[in-house]
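The following blocks contain the structures, represented as C-alpha cells.
Both complexes shown next keep chain A, but they swap its partner, so chain B is in the first and chain C is in the second.
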Partner chain A sequence: MKLEGGRIPSSQLTILAIGFLLGSSIILGPGGAAENNAWLAVLFGLGEGLVFLSIYVQLQKNYPHKTLIEMNDIIYGPYLGKLFSICYIIFFLHTASLVVRSFGAFFGIILVSTPLSLLLISILLVCAYAVRNGIEVIARCSLLLVVLMIIVTIFNTALVAINMEPSNLLPFMDIPIQEFFKASHSISTLPFGQTIVFLMIVAFLNQQQEAGPSLLKAFLIFGLFFLIIALRNPMVMGPQIYLATYPSFAVVRSINIADILTRLDILIGVSFLGAGFLKITVLYYGAVLGIAQILNMRSYLPLVLPIGALILGVSLLQYDAYIYDINDALKYYPYYSLPFEFFLPLITLVAAKIRTYLQASPGGKV
Partner chain B sequence: MKYLVFKKINFISALLIFSIFFCGGCWDRHELDSLAIVSGIALDKNNDGQISSTAQLIDPGQLKSSQEGNKGEGQAFWNVRGTGNTTFDMLRNCTHKSPGKLLVSHCQVVIFGEDLAKEGIKENLDILVRDFEFRDTLWLLVAEGKGSEVLETKTRLEKIPAFNISKMVRTQDFNSHAIGVNLHDFINLAISPATSAVVPIIRVDETNNEKFLNISGMAVFDRNLKLISKLNKEESRGLLWVIGKIKTGIIVVNSPQSNGTASLEILKASSKITPEIKENEVEIIVNIKAQSNLGDIQSIDNLLYPEIWNTLNRHQSAAIEHEVGLALDKARHLNADIFGFGEAIYKKYPREWKQIEPYWQEVFPTIDVKVQVETKLSMPSMAKDTIKLK
Partner chain C sequence: MKIAGIITAYMAICLFEIPGLIEKKYWRELVIFIAFLLPAFVLSLLQGAGVELPQIVPALGRVVEAILPGVVK
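Now for the complex of A and B:
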C-alpha cells in the first residue's frame, strides 16, 4: 500500500512552487537591510537559490519517484539514512511553525485582543484538512490561490504606480558590501532554499523528467514578481521603508486613487491568507509524509492532527513577541537553515554520485 | 448511508457560513454604535504648559438631518479634549468624555498648535506611524494660534470642519501657494538627514462676525522638528517651483506695451535639481520648465504681434525667478534646506555627501544655486485681441 496515491502534472507543480515561494515573502518584503538596493539583492539571492535548486534537481534525477526520505535510506542505508531524514523533518516542522507564527503575528496587529492560539488553530485546521486530502488536492487548490495572488500583486502595483518616485532607488549601493550580501543570502535561504521540501513532492510528479524545468520555471516567475515588489516598495515608501514592519502592507495602505480606491489593506490580508496556507500546507505535508515513511506506516492519516498540534505548540512557545521572530529571521535563519538547505543535500548528492560510481565500476560490490 | 454523510456535510457547511455573521472579528469585533469616529485631531500646548489633544467626533445623526430641511439646527461634530502625558494617552483619555472608543481610521487631518509646534512635534509623530488605525494619507497642518480653534471653525459648505480642512488642503493645488503634506511625505522629510520639513499653515480669520479658515502659507521646521518660521504665499510658490510640485496657479505680470497687468494660468510645470561638485565646491542647478496660457489681460496691447508674446513670456520667466529667489533667500536666512538639495547631493554623490553631511548646516547657506527657467506661453483661447474702448 502506497502512502500517497496521488499524481500531479508538472504545470501544477510549478504553480504550487510559486505559491510556496510567495508564502511569507508576500508580506515580509525582500532584503530588509538592503533597502533601496533590495532589487539587486533579489537577483543575487535568486542566483544563489538556483544553485540550491540544481542540487535538489540532480538528486531527484538520480532517484526518480523517490521522496527525500527514501533517497536517504537508499544512499546511506536504513539507519544513517533515517538520522538524516529526521534532521530534515525537524527542519520542515520548525519552518512550518515559523510561518504559522508570522501568519498569526500579521493578523495579530489588527486582532489585538483575539488570542494568538485561536488564529493559529484556525489556519492549521484548514492546512490539516488539505494535508489529509493528499497532494492532488493541495496542488489543485494552489492553482486558484496563486492566480488570485498574482492578480492582486499586479493590481496593487498598478495602483501605486502614481506614488512611485524612481529617485528613491538612488544612491546605488550605498550600503556596506557585507550587509548587501547578508541581505541577498537571506533571500536565497528564505524563500528559495526552503524548496528543499519539494523533494518530498516531486516524487508524485506524472513525468519525472519535468521536475527540474517546472521548478526552474517557478523560481524565475517568482523571481520576477519578487523583483517587482523589491523595486516597488522602496520607490513608494522612500527612506522610511526601514520603519515599516510589513513594507508591502504599508505600500498597499498608501493606495489612494481619487479617494475612491483606498483602504485596500484587505487585499494583502487575502493574498497572505492564501500564500501562508500553501506554504504551511506544503511544509506540514512534507513532515507528515516523511514521518510516515520513516515509521513504515501504511497511511499517514493518523499523524496529521498530532503533527499539527506539534506545529501549533512550537509556534506558540518559541517566541514571546513577534519582534524576536523578525530579529531571528534576519539574523540567524540564513545560517541556521543553511545545513538543511545546502550542506546536507550537497553531501547526499556527493554520496549518491560515489555510490552510483562504485556500482557502475566493475569492482564495486555495494 | 451515503445520503446521510452528504446531509451532515451540508449541515456543517451551513452552520459555518451562518457563523460568519456572529464570529466576524473574533474578540476584536467593534459594533458601529459603540465607536466614536474621529474626523480630525488637534494637538495644542495650553496656557498652563500642559499638552492636550482635541479629537473631533462625528455625530452621524446630525449628518443626515440636512435632507429633512432643518439645516443648521445642531452641529454634526463634537470636539472632545483629552489631556495626558503622551499623545496616545491624551487621545485615549478622551474616552472619559466620549460615548465610545475613538476610531481614528477616518481621521483626515492632524493639526499642531503654534505653541506646540515651536516646542517640537517629534514626540507626537510616533503614534501616527505605529498605530494601525492611522492612515499614511492624513494631512498634517500647523495652526496659527490654537489648533482646537481651527477644528471648531464651522463652515457653511461642509458639516465637519476636519473634512472641510482636508478638502481645503487639496484645493491648494489650484493656486500652488501651499501644498498638502501628508503623513507619509512628512515622515520622509523628518528622517532625511538634510531636508527641513514643511507643512501648510492654517489660521482662523474673521469678517463680519463670521469665522472662516484660511491656508496662509507654509510652516518651516528645523531638523529637530521645531517650528522656526513661516513662508508667505509667494515664498511657498517659490519653494514649489523648485521641488516641482506646482500643479496650476496664476502668475500676475506686467503687460508688455501699455500699463496694466496680465494673468497667466500655469498649465504644467516641472523641475529638476542637479547638484554638481567641482573642486570641492557644491553647485546646485535648478532647471524649471513651465507652460502657461494667457488668462486675462488688462491693457490695450496688440496681441496680434508675436513680440508681445515673447515679452510676456520673458515677464513670466522673470516672475518665476523672482518667486524662487524669495524662497531661496528665506531658506538661506533660516538655514533650512527646504528644497531637498542635500538629499539630491546624497543621491548623486553618496561618497562626497558623507563628508559634507556633518557640516551641512554651515554649507547650505553658502551654496551657489543656479536657477534656469524655461517657459512657454500658449496661444490665446477665446479672444485673440484685447478689449479696446473707443
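Now for the complex of A and C:
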C-alpha cells in the first residue's frame, strides 16, 4: 500500500533542498573554526559534500522510486535491512531534535520571556501540520520560503556592503592545517551530509533521472550563497566575529543606515523561522515515513503527533539550557554523524553494486 | 500545573487520532500509535516533574572522545 501519493517536480526538489541546506546554517555561520579562511573551508566542505551526494545519487539511480528504507530491505534483506533503517531513523530523529533545540535557543534570545518548551511546541505543531499534508505541500511551502530567505540575505548583504573591509580576510591560512580541515569537514557534515534524508523524498520525484542534477544544482546554489555569507561576515565584523554564537545575526545587527534602518536582526529571525521550519519538516517527514514503512503501516498519519512529541522530549534532553552548549553539539556532530552520512550509505552502495553484479553474472541468482 | 497541561495535551492528541483509527478499523496502526505515544508521554511527564535526565550531547561527546581521543578540542 502506498504511504505517500504525492509527486513533486524536480524544480521543487531543488528549492526544497536549498531551503533544507540553509536550515540551521543560516544563523550558525559557516566554518567558524577556520576563522578568516572560512570561505575556503566552505569550498572544501562543498567538495566533500559532493562526494557524499554522489553516493546518494548512485544509490537512487540503482533503485528509482524506492525510499532509503525500501532500498535497505532489497539490498540487505528484511532483517538486516530493517536494522540499518532503524539506524537512519534514529539519526533523522536526533538531527531533527537538535535543529528544533537550536531553533528554540535562537528564538530564546529574541523572545526572552517565552518558555523554551512553548517555542519548541509552536514550531513542532506547524511542522506536524506540514508533515500530515504530505510531501507536495512541504515542497510548495519551500518555494515561498526560500525566495524570501534569498531576498532577505541579498538585502542584508547589500546593506552591510559599505562596511566590508577585505583586509579582514588576511592573513591567509594562518591557522593549523588540521583546524582548517576540521572546519571544512564540519561544513560537509552539517549541512551537506544531512541531505541523506532526501533519499526518503526523491522516491516521489516525477522524473527519477532528474534527482541527481536537481540535488547538484541545490548544492551549488547553496554553496555560492554560503560562500557569500562566509566572505561577508569576517569582512564586516573582523576578528570579533569568531566570538559570536550567531555570526550572521551579529552582522545584521550592526546595520545602521542613517539611524533609520537599524535593528534589522529580526530579518535573520524571520529567515531562520522559514529555514528551520523546512529543515525540521523534512527530517520529521523522513523519520515518520521511515517508521511507517518499517512497520508496514497503511498510513503514516497516526505516527505524526507521537513522533512530534518524541522529538520535543528528546530536543529538551539534548543539552543543558545554556546557549554555549550549542557549540558542544556543533563540535561533536561532524564525527558521530559520519557513519550515517557517509559510511552506511557507502557500504549500502557497495553491497548494491555487488548484488547487481551477481545478478547479472550468468547463472547468478541473488 | 505543568503535569495537568501535559496530560491535557496528550489527551487531546488521543482524541484527535484514536476515533478515526477505530472508525477505519486500523487496529494495527492504533497499537503502533499508542506504542510511540506512551514513551513520549512518560518522557514529557518526567521532564514536567523536573526529574533530572541524562543529556544526549555530552554523552555523545564522551563516546566521540573515547573513539577518537584528542581529535575534538
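Definition applied: the second predicted complex is superposed on the first by the 360 of 366 C-alpha atoms of A that agree within 3 Å, B and C clash if a C-alpha of one lies under 4 Å from a C-alpha of the other, contacts with A are read in each partner's own complex, and residues count from 1 in each chain.
To be clear about the criterion, a contact is a pair of C-beta atoms (placed from the backbone, for glycine too) under 8 Å apart; a residue touches a chain by one contact, two chains touch by 3 or more.
Computed from a predicted structure; not experimentally measured.
**Student:** Between chain B (first) and chain C (second), which does A:314 come into contact with in this model arrangement: first, second, both, or neither?
**Tutor:** It touches chain C, and chain B stays clear.
**Student:** Which chain, chain B or chain C, ends up touching more residues of chain A in the combined arrangement?
**Tutor:** The larger set of chain A residues in touch belongs to C.
**Student:** Touch check for A:220: first (chain B), second (chain C), both, or neither?
**Tutor:** neither
**Student:** Quick check on the output: what are the common chain A residues between the chain B footprint and the chain C footprint?
**Tutor:** Common to the two interfaces on chain A: nothing.
**Student:** Given the complex with chain A, which residues does chain C contribute to the contact?
**Tutor:** Going through chain C, the ones touching chain A are 10, 13, 16-17, 21, 26, 28-30, 32-33, 36-37, 39-41, 43-44, 47, 53-58, 60-61, 63-64, 67-68, 71-72.
**Student:** Can you list the residues on chain A that touch chain B in the complex?
**Tutor:** 109-115, 118, 167, 170-171, 174, 237-240, 243, 250, 253-254, 256, 262-263
**Student:** How about chain A: which of its residues touch chain C in the complex?
**Tutor:** Those residues of chain A that touch chain C are 94, 98, 291, 295, 297-299, 301-303, 305-307, 309-310, 312-314, 316-320, 325, 328-329, 331-332, 335-336.
**Student:** Per the contact definition, I'd like the list of chain B residues that touch chain A in the complex.
**Tutor:** For chain B paired with chain A, touching residues are 25-28, 105, 129, 132, 135-137, 184, 187-188, 191-192, 346-348, 350.
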